[in-house]
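Next come the structures, one after another.
Shared between the two complexes below is chain A, which pairs with chain B and chain C, respectively.
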Partner chain A sequence: MTFSVVADKVHTGTPLSLADGLALYRHPNLMEVGSLANVVRERHHADRTYFNRNLHINPTNVCTAACKLCSFSRRDAQAPGAFVLTVEQAVDKLRARIDAGDKVTEVHIVGGLHDGLPFDYFTRLLSGLKALAPGITIKAFSAVEIFFFHRCYGMPVEEILLRLRAAGLDSLPGGGAEILSPRVREAICPNKCGADEWLEVHRVAHHLGMKSNCTMLFGTVETLDERVEHLLNLRALQAETGGFLAFIPLPFHPENNALGDRPAPTAAEILRTCAVARLMLDNVPHIKAYWVSLGLATAQTALWFGADDFDGTVSEEKIYHQAGALSPQSLSPEAIAAMVRAAGRSPVERDTLYAQFSLVDKREAV
Partner chain B sequence: MRRLRLTAVSFLNTRPIVYGIERGLIGAGRFELGFDLPSRCAAAVASGEADLALMPIASYGASTSDLRIVPGVAIASHTAVRTVMLMGDVPWHEMDTIVLDEASRTSQILVQLLTRQRGLAPRYEREEHDRIADRVGGRTGALIIGDLCFSASSRFRHVYDLGAEWRSATGLPFVYAVWIGRPDVLLPGDVALLQESLALGLSHRQAIARDWAAKNGVDAAICEHYLEQNIYYGLGAAELCGAAAFLEGGFRAGLLGRNSALRFFSSPPRPAKATVARSLDSMLSDAAAGARLAFDEGLRLHQSASLHDLGLAADQRRHSLHPQGVVTYIIDRNVNYTNACTTACQFCNFYRTPGDSRVYTLTRDQLAQKLQETVAMDGIQVLLQGGINPQLGLDYYEELFRWMKASFPIAIHGLSPEEIRYLAERENLAVPAVIERLVAAGLDSIPGGAAEILDDEIRRRISPRKCSVATWLDVMRQAHLLGLRSTATMVFGFGEEARHIVGHLDKLRALEDETAGFTAFICWSFQAEGTRLPLRDDTSATRYLRTLALARLYLDNFPNLQVSWVTMGPAIGQIGLRFGGNDFGSAMIEENVVAQAGAVFKLSAEDIERYVRAAGFEPRRRNMRYEWLGQAQPTPA
Partner chain C sequence: MNAENDADIFGLGRAALAASHSAFAGKAFFVGSRLLQPDSTWLGPSDAVAAIVEEDDLVKVGGLSAARYAGANTLLCQLTSGGLAREAIGLGMRCLVRVPYAAGESPSLRSQRLEQLAALLRQISSIDGIVPTPTGEALGLDTVQFVAACRLASVAFHVVVDLERLGHKLGQLCLSFGADELLGSIVNQRALRLGAHASSNAITRDEAVLLVRAAGFVPCERLAEGRVQAL
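Let's look at the complex of A and B:
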């Protein structure tokens, strides 16, 4: 498969195959791959680049999964550095932001698989946040956590989702997908839900009318074939449900975890993966350059390599910083807008579901 | 005006150079051209019999007279040369004897250097030109030169083109011959005439080839291909680096008596050519192919071209200049010998005003330790820069350099134009005199610092006490004429406009046209932390990448562009390799200046190689001439 054949398919809107994806990964000229991804990016979004104002809450780092790729988790509640936030403490984090005048529109919640918490801890957490800020959108619990709740509390996935939704859950984040391959999961996260289970949780959520994101953790033990197959799995589910809003490429960060003897993917590999994802996932609306993980400079450059979303203001990011991320822990909306504009793109503030937009006025720029 | 006596060898490859003069079309009343044997050309200049000779580079290197080179004109090759070859019935490494053609000393040294580089030590014998091909046989190979190569190359099983071999060993072009004369024999106008004669000859290469073929009974198509594809007639920065690498290699191998600096007659500024209005797309594709951009076109690209369009064009240009897919880097150490400085630039957080308790000047012991560490880490160079410290005079530097050179096997890449200008002022000497003394003491090359933005309006605002644009350029010009190579830099993000950026590049390009002395260009963004100058400008990654790509396209005569991972971070440094950069800079053992202003990235040679490979290139170590060092390393599994 040659690059020009793949490029022709992209120009005519033909979905790409496994062989096409591999050709894009192996094509020596990164600029050409990026440029092609940019065609698709601009076809969908012109020069708009989205971001939101969000808050990250990690309720606990206690986790039974013991994934080799993770620097965040602690095995049990007694381990040094282990924490469980009370519902009040978690709600206070949002309160502090609101009191500081921050117009947060989204709370993003992911945490460890803690088998010692009652289910109502999570429903109280959601309803507590909604009680404080009824207009806020809660994007919470990766498919891995939902599947863990199903196992831990003995309820079907659908019932878990319905109960959480009743308590305030709006959408699901895309984490925990890693690489949707039994071989890779066995090597890096054997105690997490399987590939089929991860997809099934999203399928159920989508059927219930909930939106979600999807991710790919790359740079551990996977092959290029496994990366492209991962993207094809996501594309197949999206063709079925249409429930994914955004795909987020996540380069592996090697510090403080059990896989740390391998180097992190470099910027060239990150930008290429971003571009390949944009080209393979023709039915997923958004590709997110999650600056916390990519680093600001690479995330900004990624806006020309397929990405159209810069994620949000974040604040208090813990998971990647435990793994050695050098990015700041939060950004102001003005800083994001300035960085987007410096890249020659138009910053657009959005809500979680990309339902409401506002173009950021130039005068707000720093 | 006195007529100048020019002498050249009557070879096919000299014809385009003398074309206009020989026909009386150029310099008719000024030049008188004669032909002579190569070995006699040097002697004719030395004795004053000739004013100027088109002379083999080895003759320049061996000469004990003070000589100057005519800028811009050379007989060189970028890869295969076709007329300097090693031939044999056995492969190179099996030859126990190599017979050398007596007619060409340059080729003799070339084959010996390349043989030595392969770790081989055959016996060398000499033979007359006409009898040499007959000596080949068994384990005896021969250096064969000139037209003879055309007929002989099919006779032997193993044929090595030494132009191509030099390129793959060093990464550099090879220079065979240049115009050489005693200082002061030429006026700048004469240099222009010699350059015009070549330009005319280049446009008549087909006729020259046919004429030669008819007179000598050889194939016209071969001659034409030879003049158009094999021989490169320019003497740009890359060719100068190749020539300097050859002269130093010859000296180190004991094949040349001295390591001569390449010194030049001064050249008149090249007039700008009028350009036809081009669309943005044709500007980009033309520039990607190496065509010159006009100032206004540079402005339009700066303002209107997208990040991808600039990147793709710059990447293509980088590829045509460096088709081997190699990205180079150097191991050196940045030593800031003093932080005392009277210049008080607003963007600097490194300097301390003389008298401040935090002022330092490194002691010999401190320096010795740093240099020992550098050598121990395979460092080959020290980048020596400091503040403008009124305590330190020229004798300080002379003693320092002599001591460094006597104590450590290390090149000194030191003193920005601002430091040299200050020494000239302090010692009441002319700039060339200061440079001559520094070179005599051991200075090898000059870093391109203190340029910031080469625009006096910007300089008055951010560094009013620093040298003017004219002074900065003139120090570089004088250094280049005296045979020093230098780099050039640009720091952006001071609120300058497109015209300042393009103007900066334009000034560098014009000086490079004149001297070909810049080996590389490096840009980065202003690092503001802790300085007195608030950051009010875009210094983000995408601006850096755009600026780098624009520089690659605009600086058509610069062979190398370094990425600045030290300031921009390794991620963007790596991506810069796709936006025109072909060099990863230095595996820096120490850096103080931008570290004070917030840039704190560190990379080992191993890290650099990993980044370079992940971007799809082969890493090679280099020296300041961008000459590859050592053997290519296989890609680790």
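Let's look at the complex of A and C:
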């Protein structure tokens, strides 16, 4: 498959195949792949680059999964560094941000698979946050956690989602997808839900009218074929449900985990993956450059390699920083806007569901 | 505006990359460094090939000859220091010129600086390379665009990435925008990026090779006495 054939398909809006994706990954010139992805990026979004004001809460790092890729989890509650927030402690984190004057619009919650917590811990957590800030959007619990709840509490996935939604859940984050391949999951996260189960949780959520994100953790043991097949799996579900809002490429971070002897993906590989994702996932509206994971410089550059979203202000991020991320713990909206503008893009503040937007006025920038 | 920016960024990148390939035949270099500090102690691995002294530290270390006597073999000097560059080259040192840039500065200021650089390189052709150097926080796109401009202003010279200032991710991206050499602390075994090492930009030799190769270049390591080994 030649690059020019792939480029022709992109220009005519023809969905790309596995062979096309591999050709993009193997093309020797990153600049050409990036330039092509930028065509699609600007077709969808012109020079707009989105971000929001969000707070991350990790209720617990106690986790039964013991994934080799993870630097965050502790196997049991007595292990050094293990924690479980009370509902009040978690709500206080939001209260502190509000009291500090932050106009947070989203709370992002992910945590370990803790088999010692009652289900109502999670519903009380959601309702507590909503009681404090009724207008806030809660994006919580990856598909891995939802499937764990299904197993742990003996309820169908649909019932789990309905109960969580009744308590305040608005949408699902995209984590836990890793690579949607049985071989890879067996190698790096054998105790997590399988690829089909991850997809099924999102399918159910979408059928219930909930939106979600999707991710790909790359740079562990997967092949390029498996990466592209992963993207095709996501595209197929999106064609069926239309429920994904954004795709987030997540480079593996090797510090403090059982895969630490592997090198992290380089910046060139990160940019290429952003670009390939933009080109393969023609039906997913947004590609997110999650600056916490990518690093600020790479994330900013990614805004020309397919990405149109910078994620958010993010405070309290723990998962990537425990895996060696060197990025700051949080960014102000002004700092994000300035960085987006310095990239030659127009910063647009959004809500979680990309339903409300406000163009950030240049005069507000730092 | 988008098409214009697109042409700027990708057009600039393509031109700079082509210039780099033309000058160095698809090779990119890396070299481990240590730094002579103002108190005359060395910072960095003792077996580093590049033993650097910064122009700003010369007075405190007793001058260029004293630095040379202490083992410095590379001078990092300022754009305005042509005389010092000549002196260092006369002492058998490798001379690299720092070219400053700052986020948000005017394009005309940058153009003036690049013209100044081109003039210096015309006057002293034995300067071996230039080091684009941020004077504040290094933003991603701003940096790669400036690196590309530096490459196009100094086609036959090495455009060297200071990994200590830019970090390995942005440093690698610079290779795709015309840089051809990585300069930084190269260690046998990197400490975990935790505690005192949380912000360390030291990399291992294998990581340096990976950065260069993953950017699409043939990695070449600078060894002692000016030798270069392709890997």
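Assume the second predicted complex is superposed on the first by the 366 of 366 C-alpha atoms of A that agree within 3 Å, B and C clash if a C-alpha of one lies under 4 Å from a C-alpha of the other, contacts with A are read in each partner's own complex, and residues count from 1 in each chain.
Assume a contact is a pair of C-beta atoms (placed from the backbone, for glycine too) under 8 Å apart; a residue touches a chain by one contact, two chains touch by 3 or more.
For clarity, every value in this text was computed on a predicted model and none was experimentally measured.
Student: Chain B versus chain C on the shared chain A, clash or fit?
Tutor: Because the two structures are overlaid on the shared chain, the partners are seen to clash.
Student: Check the residue A:N38 against both partner chains and state whether it touches chain B (first), chain C (second), both, or neither.
Tutor: both
Student: Mind working out whether A:A46 is in touch with chain B, chain C, both or neither, as first, second, both or neither?
Tutor: The second partner, chain C, only.
Student: According to the stated criteria, A:E255 is in contact with first (chain B), second (chain C), both, or neither; which is it?
Tutor: second
Student: With the two complexes superposed on chain A, say which partner A:T105 touches: chain B (first), chain C (second), both, or neither.
Tutor: Neither partner.
Student: Go through the superposed model and pick first if A:S181 touches only chain B, second if only chain C, both, or neither.
Tutor: neither
Student: Just chain B (first), just chain C (second), both, or neither: which does A:T298 touch?
Tutor: Both chain B and chain C are touched by A:T298.
Student: What is the shared patch of chain A, the residues that chain B and chain C both contact?
Tutor: Common to the two interfaces on chain A: residues 28-31, 34-35, 38, 263, 266-271, 295-298, 300-301, 303-304, 339, 342-344.
Student: Write out the stretch or stretches of chain A touching chain C in their complex.
Tutor: 28-31, 34-35, 38, 42, 46-47, 255-256, 263, 266-271, 295-301, 303-304, 324, 326, 339, 342-344
Student: Once bound in the complex, which stretches of chain A touch chain B?
Tutor: 28-32, 34-35, 38, 263, 265-271, 295-298, 300-301, 303-304, 338-339, 342-344
Student: Once bound in the complex, which stretches of chain B touch chain A?
Tutor: Touch residues, chain B against chain A: 306-308, 311-312, 315, 538, 540-543, 545, 568-572, 574-575, 577-578, 610-611, 614-616.
Student: Name, in rising order, each residue of chain C that touches chain A in their complex.
Tutor: Answer in residue numbers: 1-2, 5-6, 9-10, 13-14, 17, 103-104, 138-144, 166-170, 172-173, 175-176, 192-194, 198-199, 206-207, 210-211, 214-216.
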